[in-house]
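All chains are identified by letter, namely A, B, C and D, in their written order; residue positions are counted from 1 within each chain.
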Amino acid sequence: MSGIWGKNLRLSIFGESHAPAIGIVIDGLPPGTELDIENIRFQMNRRAPGRNKMSTPRGEKDEFEILSGYFNGKTTGTPLACMIRNADRRSSDYENISKTPRPGHADYTGFVKYGGFNDYRGGGHFSGRLTAPLVFAGAIAQQILEGMGIVIAAHAQSVAGVCDTRFEEVDVDKELVERLKASELAAIDTAKGELMKSEILKAREELDSVGGVIECMALGIPAGLGDPFFDSVESRLSGMLFSIPAVKGVEFGAGFEISRMRGSKANDEYVISDGQISTSTNNNGGILGGITSGMPMVFRAAIKPTPSISQMQSSVDIFSMKEVQLRVEGRHDPCIVPRAIPVVESAAALVILDMMLEGRK
Amino acid sequence: MSGIWGKNLRLSIFGESHAPAIGIVIDGLPPGTELDIENIRFQMNRRAPGRNKMSTPRGEKDEFEILSGYFNGKTTGTPLACMIRNADRRSSDYENISKTPRPGHADYTGFVKYGGFNDYRGGGHFSGRLTAPLVFAGAIAQQILEGMGIVIAAHAQSVAGVCDTRFEEVDVDKELVERLKASELAAIDTAKGELMKSEILKAREELDSVGGVIECMALGIPAGLGDPFFDSVESRLSGMLFSIPAVKGVEFGAGFEISRMRGSKANDEYVISDGQISTSTNNNGGILGGITSGMPMVFRAAIKPTPSISQMQSSVDIFSMKEVQLRVEGRHDPCIVPRAIPVVESAAALVILDMMLEGRK
Amino acid sequence: MSGIWGKNLRLSIFGESHAPAIGIVIDGLPPGTELDIENIRFQMNRRAPGRNKMSTPRGEKDEFEILSGYFNGKTTGTPLACMIRNADRRSSDYENISKTPRPGHADYTGFVKYGGFNDYRGGGHFSGRLTAPLVFAGAIAQQILEGMGIVIAAHAQSVAGVCDTRFEEVDVDKELVERLKASELAAIDTAKGELMKSEILKAREELDSVGGVIECMALGIPAGLGDPFFDSVESRLSGMLFSIPAVKGVEFGAGFEISRMRGSKANDEYVISDGQISTSTNNNGGILGGITSGMPMVFRAAIKPTPSISQMQSSVDIFSMKEVQLRVEGRHDPCIVPRAIPVVESAAALVILDMMLEGRK
Amino acid sequence: MSGIWGKNLRLSIFGESHAPAIGIVIDGLPPGTELDIENIRFQMNRRAPGRNKMSTPRGEKDEFEILSGYFNGKTTGTPLACMIRNADRRSSDYENISKTPRPGHADYTGFVKYGGFNDYRGGGHFSGRLTAPLVFAGAIAQQILEGMGIVIAAHAQSVAGVCDTRFEEVDVDKELVERLKASELAAIDTAKGELMKSEILKAREELDSVGGVIECMALGIPAGLGDPFFDSVESRLSGMLFSIPAVKGVEFGAGFEISRMRGSKANDEYVISDGQISTSTNNNGGILGGITSGMPMVFRAAIKPTPSISQMQSSVDIFSMKEVQLRVEGRHDPCIVPRAIPVVESAAALVILDMMLEGRK
């Protein structure tokens, strides 16, 4: 089953791209938490489509309605349910995808799993639109974490092969974090950001799409979160990150690069800095033995290029079992990295909050 | 909590490197499954240390005793418990690691999480030795999966920067799979395997260690396993893979490489081959929308170099809060990739079996 | 956390009596199940208030809207979300209950648990109204179970001390089941049913309330469902039944009565009837060792009298810590047994369906 | 699956009556907890057979070995595994039960569920012997709870129809609790206790068995534990209690009796006593809306008479499908209530500790 996640904080998502609504039920929020609704809207708009040339012109507003768990401007401690109506539906665009699956999409696997009964319109339950409720929940989680002194930021570490500066190379301060959250395409090196944008627009002109890598950092996390083995921080975070459609790789700290290092270089040596135990490097991304070390948590997620492209592609008619040519109609993003950045931040926030609410912490 | 995993198949592991025993309880195994004890021993020996120059000379036998759930040579359907006694204990080697944590190990994070009460000897519960019960369970899972026509194989795709041929570049047949399982260091290209070995031995001579990447492939998996979002195949597999100590990255199909492709190249186009729906490429690693497509499942795990090295390293005395120099005594592997290969296979087998036992499949 | 239940079928409920809405997300429904919406309405009306003199005059319509997981009149296999708007709200009735808790209600315990931030209006999340989503889900579960040949029925085995005939004393046929489901107060012996009604109305006149015992039977359940110990059929069913507000006792088969029998009488002896293995008695209620035997599943739930009564009662002002006198204003049922009967049927249906969807069944 | 329970404290049990061992893995114990091994032995001996005429002469010693999670006399915080070897095995006694199931036992349901592959000897995994690991875990839980000021006691509220005084009728002090824990058959009224014993011995002489009701009380529990609905205190406790073989009914506070009361009598009115909010009665057993009120938690479990009796009973040969006569050979308790009392205490302790470890508490 797809829809339920978490231990101390539990999420239950629902919805399809063209159903009456999509939404989420959040169980386990601390009671009495004041919600900054404007900030939730801001976070959701970062993900929403139609804001610029890099994105589909779909006019989804992502206007949410809180149905329960919210009283006098604060959380009640009982399940908080949120619903987002599906406004702008153009089902006709999708009428044929059930019989001729779009390459790179879940049309075929969804058909097999659900015996053809799933709502295929717009990708149905597999639609990237289902990340909107995640961002709603993630925005709340980030608000709570900020109260605990934890800040989460993400940027496009690469798009179409254009690489941005890494977090570890700069001094991550409040100003940078705010600039990243405010920008159309979050990049530490703004020049690289512009280059990425032009690559995205070039791909669009050529009826193609591009992918990228999102790097995320969490600052202020106490040492001792997480567990060895099945509930390691990496296990929980990767489990959530791979829930995001289009993510095909996840790495922590130096990640795949560490596999080419020698132990003498890879090991993060301990030092005392400002009277605190710290490490001189952070190749383990703030996690050792599945448990946080108090160093910044750093991870990256690989995002595949948008499968929806307007070029002619080969597919099959699953009923006649004949090969056919297919051009994906409708409106698509030439690159989802910009809109996926707040989703990755949300995923991190939700996992970290789930751990912060752990009994023994 | 660290010790419990799974939905239809549930694992509960326990033990520390120097406790009386380590072990696992496996709940949910189909009743009446005949177990090939010899094959279980074979799999566990692939992981066991002391078999060759690439590994620590520790004489652990990993002799297991099945305590329950096994009757007349078959599984009963009730929890199958297995215990492995810790024979060769040399606690003296580890006496000081509680106060001066070894870089790259979980000594410090374990100390913080458990308030200094955890059994630190030999890494305690964080020891790679805890993967022995996983291989025991994985061997059983592989036996059951083979009966379902599913075969799992893994190899060292890279060690110390030396890269092996990839599965997608060759025809994976029974012979190759058996050769890989039988070799000291599983490599598709035996010449590259020898090169890797010499790199490992060179690192050992230089009192250092190296890491690598393990590639795993699962053949014969039906389409329709897994779920969207939180229970995606990638989420479940990565959650289990990141439970393995030293794994810092996981990718599926083309993985991070796909983030540099364009959609027109990344999309796996559908074709009819042998009257079956198939794809001409497999950049998505046999998984779309979190659900298996029927194509081979392919993923890679990045293994960091063994943190235990005999060179002098910087650490801190966590009580006096003074920086100190540390040389890790004791016996270590210069590279754990060879021994980690059967662990990765086991992780895959356990996740796939858990999904195969799903009600709706 | 309150809101999530189940293994193969997972429920997530939300809502408060005076929030914008209450609802449920049902994950794990088999795809392609045609829903009989009229039947769902019928079941929900059995629980709805305001239908007769035994119930509060509140005009709640319990009109539900399916938000997702439903396409072309069938379930999709993805989460099915249902929302019920809270129409007729009269918050003023409840303004003071946060400071002076009503005896027998959750006002005080809710205040302590949620630090006073919970929505207390109308009992908030603790309101019996939250059972409406359960009946929605239960109606769907019963439709699916009927297709599997499983029928569930319940009746008021006692109200205010007036006892009805027990299921085991009669021949439970289709006609009886339909009569029970159609009646205002389901009783096998209609004369006893009338007596119960007059007791309920008498209690109402005397500004008091009464309770009772609901007996439920499930026919057509295959042998072999459930598990020993923690997932026993009794554990799962009681866990769900005690989720229903006002249930204070649950028993299976002969229940508490069996504790006064001798083994020679209590043991259900095996016989062959119609070529099937059966038992001559059913003191174990169709469950042995936590697993179904194929005999009818029989259990009873004790329902306490409605705590809301219009008599003067003693309470405390939790802020001034002074004892006060309290009369519960507003509209209440003198007995909730009639409306609780479809809730108990729903609880049974959901637990049984969860087990029927088990992989190994 | 049978073997895994809990949220913040997780239990995984294993074993069969005649397997090499039975045991339990306990995950989530607070690190640094000093264990009183003598007290654990004392609790396990209360459950162990062969101590007096009321019990089977089986010489099981229940000698346990802690395999992990225990270091320097304290818990480590990692999974604590405990194994109990099955010493005195007389399999011959049980050779025929697989083909002719014993009435009242799980022989038949186990055969159906596990397809005849389960270890039937001595009831296998269904054996009451599996409660020994529960008492081991419960003893640890009680030690931790005592440090939190929580005391749990139980007594035989009735045996063979002979009723003991109820907890609410007496002043439950340290002396009474210790006397109950020390006595062969815990009864508040010792004269009634003697009467119960004679009834048990009389049943034994007549080759029969008797059952009873165990009442349990927990003192010192803070208000605010538990949750509404699916995780109500009653749901969690009943789920655990019905895991104990032979329990067929569970009730809280006045239980089934409350269904015959009127609201004006059933409601527990609030009063101020010793400056604390309290209730003048405790018909709700210290639980309202699924959440603890701070009043003593009181519940009762109905225990059926031991199914093993030496009288001739009717059964069937499940292979030839012929009715046969059966006399259960071997060694049985004429009443398991005395030995079940520490099991019920353990069940309560484990559930309460699981809730006490909750994040928001």
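The definition used in the following text is that contacts are C-beta pairs under 8 Å (C-beta built on N, C-alpha and C of every residue); 3 or more make two chains touch, one makes a residue touch a chain.
Computed from a predicted structure; not experimentally measured.
Looking at which positions face the partner, chain A and chain B present mostly the same ones, since more than half of the interface numbers are shared. Farthest from chain D in terms of Cα centroid separation is A. Centres computed as Cα averages put chain A at a distance of 27 Å from chain B. Remark: chain A and chain D have CA centroids separated by 46 Å (rounded to whole angstrom). The geometric centre of chain B is 39 Å away from that of chain D, both derived from CA atoms.
Chain B has residues 1-4, 13, 28, 77-78, 113, 125, 228 in contact with two or more other chains. Taken in their complex, chain A has these residues touching chain B: 1-5, 11, 13, 101, 103-106, 108-110, 112-113, 125-126, 130, 158, 160-161, 203, 208-213, 223-224, 226-232, 234-236, 238-240, 242-243, 245, 247-256, 258-264, 266-272, 275, 277, 279-280, 283-285, 287-294, 302-309, 311, 313-316, 318, 321-323. Partner chain A is touched in their complex by these residues of chain D: 7-8, 28, 30, 77-78, 228, 357-361. Residue ranges on chain C touching chain A, taken from their complex, read 1-4, 10, 12-16, 19-23, 25, 27-28, 31-32, 65-71, 74-81, 83, 113-119, 124-125.
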